[in-house]
Amino acid sequence: MNFDIIRTARAILHVTDLEKSRDFYLRGLGFIETESDNSTIYLRGLEEHVHHSLVLKKADTPAVEVMSYKVRSEADLDSLAVFFEQRGHKVKWLEEGTQHAVGRAFRTQDLSGLPVEYFAKMDTVERMLQRYDLYQGAKVQRIDHFNNMVPDVEKAHDFYINALGFACSEYTASEEGKIWAAWLHRKPSVHDVAFMNGQGPRLHHIGFWLSDPMSLIHGCDVLASIGYSDSIERGPARHGLSNAFFLYLRDPDGHRIELYNGDYLTSDPDFKPVRWDFNDKRRQTFWGAEAPDSWFNEASTVLDVHTGEPVKIEAAKLKQHKPVFVI
Amino acid sequence: MNFDIIRTARAILHVTDLEKSRDFYLRGLGFIETESDNSTIYLRGLEEHVHHSLVLKKADTPAVEVMSYKVRSEADLDSLAVFFEQRGHKVKWLEEGTQHAVGRAFRTQDLSGLPVEYFAKMDTVERMLQRYDLYQGAKVQRIDHFNNMVPDVEKAHDFYINALGFACSEYTASEEGKIWAAWLHRKPSVHDVAFMNGQGPRLHHIGFWLSDPMSLIHGCDVLASIGYSDSIERGPARHGLSNAFFLYLRDPDGHRIELYNGDYLTSDPDFKPVRWDFNDKRRQTFWGAEAPDSWFNEASTVLDVHTGEPVKIEAAKLKQHKPVFVI
Amino acid sequence: MNFDIIRTARAILHVTDLEKSRDFYLRGLGFIETESDNSTIYLRGLEEHVHHSLVLKKADTPAVEVMSYKVRSEADLDSLAVFFEQRGHKVKWLEEGTQHAVGRAFRTQDLSGLPVEYFAKMDTVERMLQRYDLYQGAKVQRIDHFNNMVPDVEKAHDFYINALGFACSEYTASEEGKIWAAWLHRKPSVHDVAFMNGQGPRLHHIGFWLSDPMSLIHGCDVLASIGYSDSIERGPARHGLSNAFFLYLRDPDGHRIELYNGDYLTSDPDFKPVRWDFNDKRRQTFWGAEAPDSWFNEASTVLDVHTGEPVKIEAAKLKQHKPVFVI
Amino acid sequence: MNFDIIRTARAILHVTDLEKSRDFYLRGLGFIETESDNSTIYLRGLEEHVHHSLVLKKADTPAVEVMSYKVRSEADLDSLAVFFEQRGHKVKWLEEGTQHAVGRAFRTQDLSGLPVEYFAKMDTVERMLQRYDLYQGAKVQRIDHFNNMVPDVEKAHDFYINALGFACSEYTASEEGKIWAAWLHRKPSVHDVAFMNGQGPRLHHIGFWLSDPMSLIHGCDVLASIGYSDSIERGPARHGLSNAFFLYLRDPDGHRIELYNGDYLTSDPDFKPVRWDFNDKRRQTFWGAEAPDSWFNEASTVLDVHTGEPVKIEAAKLKQHKPVFVI
């Protein structure tokens, strides 16, 4: 490979009411608002030195415009674009100046049909890590990962590993020995992106990292205090998989946000992917209440980067069912 | 009143397998084992200077033998016994030496039919509060309260307040304006005892106090590590009522234990009981997953202090239903 | 005794710059401002249902106007006033309406010369315990105790226990077997008031209770972020004595505030006071850096309740020295 | 560069009493003992999937035998050895089988004279991350960094960045504009290695990462409980530099260990090193007590990888003094 993808960088979400979203993400989750206008809010976590990791755009319908990854250099960006084109993925360039605070970028539909974007450059801003007086709500520190529902996880897994250079930290094997779900990373954490078997392509959730478990608990208390207790869909609890101490929230448009703490270092090439059986209860819920049906069934619509229309959804390739332990 | 009940002091539970219970309470919850023999284990929390706050007795059937309260002096004890007898509650004395580590005591059935015991004296032992090297699991610090399901909460509420001198910190009003549940205290915390409308008399749970929320989270992790993830029935989450950060566990015999953190001081006579509407979701679950049916329906059988037989269960006086928000 | 002192209730501090103090106590420590005018700020902790626990009054010179305790009823108040007068303590009544939000009260100089006040009634207000969105800085929950430097600790100890009905939870014995310091309580915590051997009478610090250790750490971070890192005099660390996880701060006028977590229940009459040797290092500092000289030497001037003038300071009766482990 | 250093991997310390060290590192810090014999103990943190990150060897005199880094592959290892030899650093190979659980490795003296080692392979073992029942003391999770005192920081800084491919996250500039100290990383954390101006070469401390601040507080409590309160040299407090919530300990031989929490992600090439002025108090101590003299003056002797003799110490190139704020 002659390109180096560094990490998950940002998402652009379409939301229907900017004020409602602002309240949820700022007071509830603790994001810093870098900038905004009538149609867009740029948000970053407390430790982020870059302009934003989440963009909220006013739209008529909730959707995911794109999920972006940062690459090491402009040369990496060019190589990666060539690579996608050679594989038959139509590429759409957005030259510098097209997008606020971001350098030149290209977008494409990945092999699962997910709208992805790559760029090498984003404006840098003041890091608020030591402005503890600005910490609010769940004190979100930084973006961590995307989790997607796709019909063919094994295909996505192979492409991201073999073609894009991701490594697998953990995966779930179905009863038939197929890959049911996979956690893949470029930065040495558990993941930058995960794929789960399901109707798709859809975005299941965006994960944001918290620096400690008490920020998650305090986040729950603040969310409940300001009227968002119904936004808590699942958790707090711990996944066996990834060892995450987690909370799943639905934002005012139904986009799912994971607050995430408890990762580990995956820098070593000799780290062998952890295998979990589909029906091992500790995989999903090391402890804590069972996931509600909505968590298994609902996810955000993703858009075509060329047409702006919703990407067509297909059924999952593997038989879709809840694990036996939740029946 | 010429007696002074200090606080909830201990419970005696019948369990069917002492070894299983020992593992759960010691490694999982972090109790200190003060003493034990072939038929009994005496447990105390990390800050307790008294011999025990929980007794596990080997028996064929799980049950609650008695719930004990400590009174200020032997004179208080005598006055209280007279009081019960005058009200028609048959009293059974256990003279000093009858019960290990406890002074003279009397037992009776309270007006809900719950087996209660009073004593003024218990052996004191070394407090382990600063033996942090012995802290295990959920690091239980001390006993906090009993929570009982009874058919007529209002009657229990009135008796404990008017006759026994408890104060009410918080209560739930039913749709018809009746007292659905009440939290009553002698020590200036939210409660020493609570009553909830339901089939009874039964013990719903014993609450033990933790010194901080992270002990509860670590407790979950340890319980899951040693095979007790299925013992976690509800939580972690926060009650609006009492502001408790809570976890409900079922011990190996099904007795329910609450790990509890987040109380407040109720010392002042001008503290007005907090009223919660039955259908205010924040009452039960300020945030967190809904309670499972088992939490509403299941509770421990209590024994008659005179016959040793299970106390007859009666239906709840108020219509028994789950709050609308969980339907 | 025919009076019942419930607990430490509030202090009135003279400060030289209300705006500076407001910033420190609100943004730094997390107090709720109940009310204020040009000369006075009334503050309460997050769980307090009463109007205030700390009053800051604009003055030319920093000083302690009075330390107040709450009694159970007006009858208790009258009995206590009579008691003080009979012991030769001149009493000054402040009738209802004289002090904002407080019922009738009397003030006197206690036998160490400390300005104390008693009242039975204070206006109640909305409790902010579950308004987690208002939590700031160190998230102070409630007032806990006063700690005073007095020349004759043994005399103060005996008076508070024998005459006023306090109980001793812990004490430090000097090398000669005298009581060097004592922790005394009415509410069943480690203390409502402590006395330490030293030049006095002076107020060493006011202790406020936090609900968990992480609030203290976050408080340090916020204080440093807004320019108060020099206000941190000692800690965070743990005292052996009282098991407090503590932080000592100096407010903008030099008044010392302790943030305090880690108490235990002292409700039982059979709880024997814990004895600590003066030179047992674990007493002062179970772990953590040694106390600076300022902590041993500096304290707030207290005023005479009748004249408003500073109370004359006397040398400590016991030889004043730092423990050997800090030499 | 044709080699890829992944991360700080392990240290080998000479200690004089294995039993004393075992107690400190296991019960106090929470390391897992992978293996041991009469002369050596192999330790790893709770999340580490490799055989060890710390080796304690029985010796007559405390010293640092070597500090090891992991490289990506055997080819990287060969290239790196050639690189060192070409720069005039004599290389000593230890073929596979020479060192327990480690593949072939080479050692050399780096340009500051520090004994360093590189290898690509270490045996993997069971990860204990989800064996919460084995968590003890400070719950050390993984090795994080080495911090060294060297006479010429700027030279070390340039070599590690330009020749070895490290990136600088933060640095301290002396009053004269020279680099007084530098934090350098390969894995995308604040550092794998730091250099501070001082008599050297010496190892100032090894940093181990904790997953949350409460583990550090609990670690202090456990260390104090089992007799190691005097081993706490500095902290807990927060550095401005690196945002570390830290604790410095001296092991039974005086080797300094840092418990460390509060890092941030440094994956991006556009992350600009944070510059701190030498006399900015918040750099060393964002909040917390000042560092004692021992922290500035004392460090571990390092050995020559060829002779096994102590490396000769030289005076610091920049004027050695404590920052003005600690005078």
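When the chains are written out, they are named A, B, C and D in that same order, and each has its own residue count from 1.
Assume a residue touches a chain if its C-beta (ideal position, glycine included) is under 8 Å from a C-beta of that chain, and two chains touch if they have at least 3 such contacts.
Note that the structure is predicted; figures quoted are calculated from it, not measured.
Participant: Can you check which chain pair, B-D or B-C, has more C-beta pairs in contact?
Facilitator: Comparing B-D with B-C, the pair joined by more C-beta contacts is B-C.
Participant: How many angstrom between the C-alpha centroids of chain B and chain A?
Facilitator: Using C-alpha averages as centres, the distance is 44 Å.
Participant: How big is the gap, in whole Å, between where the Cα atoms of chain B centre and where those of chain D centre?
Facilitator: Once rounded, the distance between the two centres reads 49 Å.
Participant: Roughly how far is chain B from chain C, going centre to centre by Cα mean, in whole Å?
Facilitator: 33
Participant: For chain C, jot down the residues that touch at least 2 other chains.
Facilitator: 130, 212-214, 221, 224, 286
Participant: Quick one: do these chains touch in a line, a ring, a star, all-to-all (complete), or other?
Facilitator: Topology of the interface graph: complete, with all chain pairs in contact.
Participant: Contact residues on chain D for chain C in the complex?
Facilitator: Contacts found on chain D: 213-214, 217, 220-221, 223-224, 229, 232, 234, 236-238, 245, 281-282, 285-289, 292.
Participant: Give the list of chain D residues in touch with chain A in this complex.
Facilitator: Its residues touching chain A are 6-7, 47, 49-50, 70, 72-73, 121-122, 124, 129-130, 141-142, 187-188, 211-214, 240, 243, 261-262, 264-265, 267-272, 286.
Participant: What residues of chain C sit close enough to touch chain A in their complex?
Facilitator: 27, 130-135, 137, 212, 214, 218, 221-222, 224-226
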